[in-house]
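One chain, chain A, links the two complexes that follow: it is found with chain B in the first and with chain C in the second.
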Partner chain A sequence: MVEKRYKKLKTAAELQRLMQWHYTRIRLPRLGRPLAWVTSGAPVEILRAMGVIAVYPENYGALCGARREAVSLCEAAEAQGYSPDLCSYARTSLGSVFQSERAPMGGLPQPDLLIACNNICGTVIKWYEAVAAHYGVPLFILDTPFIHGAFEPHALAYVVAQLEAMIRFVERTTGRRLSMKRLERTVRLANETVQLWSEIRALCKARPSPLNAPDLFVNMAPIVVLRGTEGAVRFYRHLKAEVEMRVKNGIGAIPEEKYRLLWDNIAIWHHLYRFYNYFVDYDACFVVDTYTGGWSQEIPEGQSALMEGIATAYATVFLNQSLEYRSRLMERLIREYDVDGFVMHCNRSCKPYSLGQYAMKRRVTEGTGVPGLIIESDMCDARAFAAEAVKTRIQAFMETLAERK
Partner chain B sequence: MYRVAQIREPLVGGQIQRGWDSLAHPCKDWQTRYPTKRAFGYLCTYSPIELLHAAGFVPVRLVQGSGQVALANAYLPSFSCALARMVTERLLSGELDCLSGLLVAHTCDTMQCVADIWHMADLPFPVVAFSLPTVLSNIGARDYLLAELHRLAAVLESDFGAPVTKDALRTSIALYNEQRRLLAMLYEHRWAFTVEQFWTLALSGMVMPVEEHNVLLRSVLQSVEEKKETDRQGPAVILVGAILDDPTIPIMVHELGGQVVWDDLCTGSRYFDVLVDETQEPFGALADRYLKRVPCPTKHDDANPRAEHVLSLVHRTGAQGVVFVLPKFCEPHAFDYVLLSKALTNVGVPHLWIETDLTAPIGQLRTRIQAFIELLRGS
Partner chain C sequence: MTKPYFLGVDIGSLTVKAVLLDAGQRLLTRGVVPAGYGGQEAAEALVARLLRECSLTPDEIAYTVVTGYGRVRFAAADEEVSEISCHARGAFYLCPAVRTVIDIGGQDSKAMRLDAQGRVVDFAMNDKCAAGTGRFLEVMAAALDVPIEQFGALALQSKHPVTISSTCTVFAESEAISHIARGVAKQDVAAGLHQAIASRVLGLAARVGLEAEVMLTGGVALNVGVVAALSRQSNQRITVPPDPQTVGALGAALYAWHKGRR
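Let's look at the complex of A and B:
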């Protein structure tokens, strides 16, 4: 087993239980509680405070990808006319809707309503439109204008107006009311989750790094899916304690850490351990990444304008900001985590994350002197992965890094 | 097979040729042709060209064009659409250096990225992003869009020394409304022109000053005989898709005995579909036009009228079939294709799907279009 090259976290069993419980619970009789499919960047705090159960098709897509069951679902979507060039999360999700007998766990339970926020991409709008058309359920799209320069006051006002409309939409479709007290409590829990996750990621500044990219990718599930719940807070407290112990005892994520790398973009789920092992062969550890940092925005508390806080936190996520902003973010991470090189996954599925990477790579190398590598693949569609070509490019890149040492 | 055009004036014929040349190379001889005018580039029908015009610019639309991609390969991966790659190529090659600025309206993920990529590419002119809303039926969308239009006007004044007055904006709106009305008339009389002539007349208005284009359209439309077309031959089809500046496909449809009678294309009817209300405050009127239009696939409208719109076009024009002309790697159109094609199938309207890229195998295309037209003939 290739995974053996990783030091397994003791909390891995707890993570598995937590996620299994989530996927079991959403199938149990819900006693009238409505179920929503939501995007990874939707303001779930509001839904939780209204007693709506949230499930995440993106997380489900990642899960299918990691189990190597996404391709057959993509093909099911393609058979319905969806182009193989479309996002593989969307194809996996739609395939699981069209042919649930092929899907792990029989697919996600049918939604009562859909909430999509375009702070991560425009794809979710089309994907959720297709799901809405299939099930005949209401869809709310929260529109967060892309920030090329500054987050303008009129953009903030627009997002706040929509949050209020979203609350009315959920009230109308579910008959449930929003209690501000419950919302404040959920926001507090979500912020605590986000803080813990940020602290865990920051612990990887240590040498050797206690975690490698696949650890971050596997452990990010609760920050996405269970943000704002006590279960997630409890889990991240335990994970943090374990990671702290590793740092204290000088235990690294990989046997020997010679090179420290940064990862940009979504994981290659179908080759998660195998892919990062190509780097472990060169004693290279991914100590930080941009993707799992996407859930690091705390919502300002204790203000009268809670909606403005939620609007700002969700509208300003890094994927909703300019390439210059994202380049600066990478440069900062490279300095803070003392990184030797960066690897960008040019992800055929994710245009907003990938199309600017050539420009960013030049900018980041200019700004930091640190070299980068771009690898073209796909997060879920294993058909787009050419292992030998990838290995050759990694070898050449690692040789460059070796010369610089 | 082409109907003989009714254009007699050589002057107009020369203008058509010039329009065709400038569509491919809008900057060629710009200084000689328009020594006093500044060109401002834009790409999509959600760009407020009236505002650019009112600021004293000639809005110049950048279309895909043709040629090889070389320089752009260092900026965009292979899975980017041909429009993004070709426009990047032309921007980097210096071919578009007559521009004083470039406006990129927020539509799809690709346009969102290229706006920043071009901004970072050290072009000889600034790139201005215009972030209009994605959900046009949203509460607050109008207020936001209005504020964004005023922000754009402020940027034109501060960064380009080109202020916009409300009076100038009213004049510009009237000019573009006239162009829209004339284009709609041209579409009604398309049978009077060859495909190339029609195509050039329709598209050249996006690269030449609107005043000139209006004169050109008025003169060609006056020379069209005042009669309704009665003997249309061959099955009628509608083209549905995104940018289409290359007339190969419509020419082929006609050569194979079909008739393109209307379209739902970004470079076609979506350019002129709704007028701006000239009685309203001009900024608000501009905003309202964007909210009223049938949304493009990158925009969401809760009533989702796009499938209905395509069905109503089919009904109104009496078309027998729909030809989807979709650029490879265009996500919004690829998603909409599934819902639209199902809506057409449900009402028994045959449709053909053509994917375009930088290199399209023409022979195979001809066979497929031929088979489709024969299918329509039989139905």
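Let's look at the complex of A and C:
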């Protein structure tokens, strides 16, 4: 019943193959290539250019969440003394480290080194420290100062110095050298991936929107995990072609699009289709979100300033910027995508993303006249999801939207 | 020719409410009964009783709207509408000057801000926690061994309310019990609990903006201690309609009236 309302993309099989290949490949003999666990906001281009294989515990967490296997891993971490208030990606990851026999695919392969960038949150520092202590492997923390107003020149210089220190760290721990030529090529590929992803997201300005939130969330995996690879570029070319065809033929992601919504925060992985289908029942489609837009920063190319470009792209991700900036971003998306209402996921796990949501909600409604709804849940920990309470809020919100039409 | 009548049913977690209106939106009768298990049987029995009292048959009901937590399981309904919309509609009908409605039910508390047309502009509901709900008061009254009907009046007798810092029902209960163990007067503990619930609910109302006139609906509005604490802490006059428990069911009946006349 549920699946019927969900219009499957033809590229879904290709996506599955691509991600399966990634998770298989990292387990194959690597012929001396080192393997790094990295955060979703780490400058992976540098690692790829140095021949380091990157794996993403956050993506693994999302995968466990979607397979509804995150809770038992969270419990494994909690049994070791980690607080249930801690991020559920961190708990899932640590649980998979402590009890790999419980973990899908037996957990991630053991890392040789760890790179954590705090542009997305501060939790990653302690989380990666715990992983480093467990495996006895070196950790580099790439520090990107929070941007309260503008990205100041001294902050840029600091982040560039951080990147240089990171390169020295990787060279020291792996014995590999960074070739600027390879870095330029990787950046070019990454930019191409990012560009395609931005274009695909922009296609959802069409009426009806060719994609709904679950489409965006499922298809974001390669932009995070395989950014800067040929495989990702190829996949997004195919996806873009399919989405363009949907727009050309007036095919919407949901049977009838009456309301256009914006989503804020990380997906509710454990109820992905069920949750967004509650909205489909009211003919509401999420045409845009703030989360999957987090990977749409191109790195300015140009011989001399490449490091400045990488520093700027990674330091200025929206989660590293002020509530003011994020409110303005939401207001802009609401106008550009002609949105009727917005839904903010108050994500128990993700403090930097969820803190200040009530203030932002008020601000965005004042700025646009568009009403918003806050839903409480958690991205991976299904224990924080109360279906009836959530449905009641959605129904009430959709009724207020209906009265406005 | 059958006369059209309109029925609103509110199946909550603790009680079931029903309101019957005639074609001129006049109130024929209303009733409140304990929900029992699931609520639908209690709702069917209540509706049958109300119909009997008015000498009506089910065929004479033109349209039925159901609301509340048990809404999806009530087979006789033509439509289900959320509690937010129903409480707003009921409150605005009773008093068109209302701009903020606070409803404290058994397991939910909610705040709604209305515009001059009675439309819901914004709303907020309690998070997944019983603090600030009717259930909270029931648990606390039981802990203090006071009948729930007298709990609010007891709180009003207090001269020196204690501070209850926990907002969690379970922790607040143990906090209350430790106060009693230390010999604190019952009314002072009761007053502390009522203040805790009021500040919790006002925090919720602040999310939508507390604009005059404020109406309190739901079963907890029958508790004079909560009404007094809300009024004192917010510096606002709190209007309590007659029979505040049935405001949601009234709203549902008004929805039924609008839908059923077409």
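In the analysis below, the second predicted complex is superposed on the first by the 403 of 405 C-alpha atoms of A that agree within 3 Å, B and C clash if a C-alpha of one lies under 4 Å from a C-alpha of the other, contacts with A are read in each partner's own complex, and residues count from 1 in each chain.
Convention: contacts are C-beta pairs under 8 Å (C-beta built on N, C-alpha and C of every residue); 3 or more make two chains touch, one makes a residue touch a chain.
As the structure is a prediction and not an experimental result, all values here were calculated from the model.
Considering only the touch criterion stated at the top, classify A:133 as touching first (chain B), second (chain C), both, or neither.
Touch partner of A:133: chain B, not chain C.
According to the stated criteria, A:392 is in contact with first (chain B), second (chain C), both, or neither; which is it?
In the superposition, A:392 touches chain C alone.
Touch test for A:157: chain B only (first), chain C only (second), both, or neither?
The first partner, chain B, only.
Figure out whether A:371 sits in contact with chain B (first) or chain C (second), or with both, or with neither.
Only chain C is touched by A:371; chain B is not.
Specify the partner with more touching residues on chain A, choosing between chain B and chain C.
Tallying touched residues of chain A, the top partner is B.
Give one of first, second, both or neither to describe whether A:400 is in contact with chain B, with chain C, with both, or with none.
A:400: touches chain C, not chain B.
Would you sort A:143 into first (chain B), second (chain C), both or neither based on which partner it touches?
In the superposition, A:143 touches chain B alone.
Touching A:354, do we find chain B (first), chain C (second), both, or neither?
In the superposition, A:354 touches chain B alone.
Which partner does A:176 reach: the first (chain B), the second (chain C), both, or neither?
In the superposed model, A:176 contacts neither chain B nor chain C.
Of the residues on chain A, which ones does chain B touch that chain C also touches?
358, 376
Please give the residue numbers of chain A that touch chain B in the complex, ascending.
Residue list for chain A touching chain B: 80-83, 85-87, 90, 118, 121-123, 125-127, 129-130, 133, 141, 143, 145-149, 152, 154-155, 157-158, 161-162, 164-165, 322-324, 346, 348, 351-352, 354-359, 363, 376.
Taking the complex as given, what residues does chain B use to touch chain A?
The contact residues of chain B facing chain A are 74-80, 84, 106, 108-110, 112-117, 119-121, 129, 131-135, 138-141, 143-144, 147-148, 151, 297-298, 300, 304, 328-329, 331-332, 334-339, 341-342.
Can you tell me which positions in chain A touch chain C when the two form their complex?
The contact residues of chain A facing chain C are 358, 365, 371, 374, 376, 384, 386, 388-389, 392-393, 395-397, 399-400, 403-404.
So in the complex, the part of chain C that touches chain A is made up of which residues?
On the chain C side, the touching residues are 69, 81-85, 108, 119-125, 127-128, 207.
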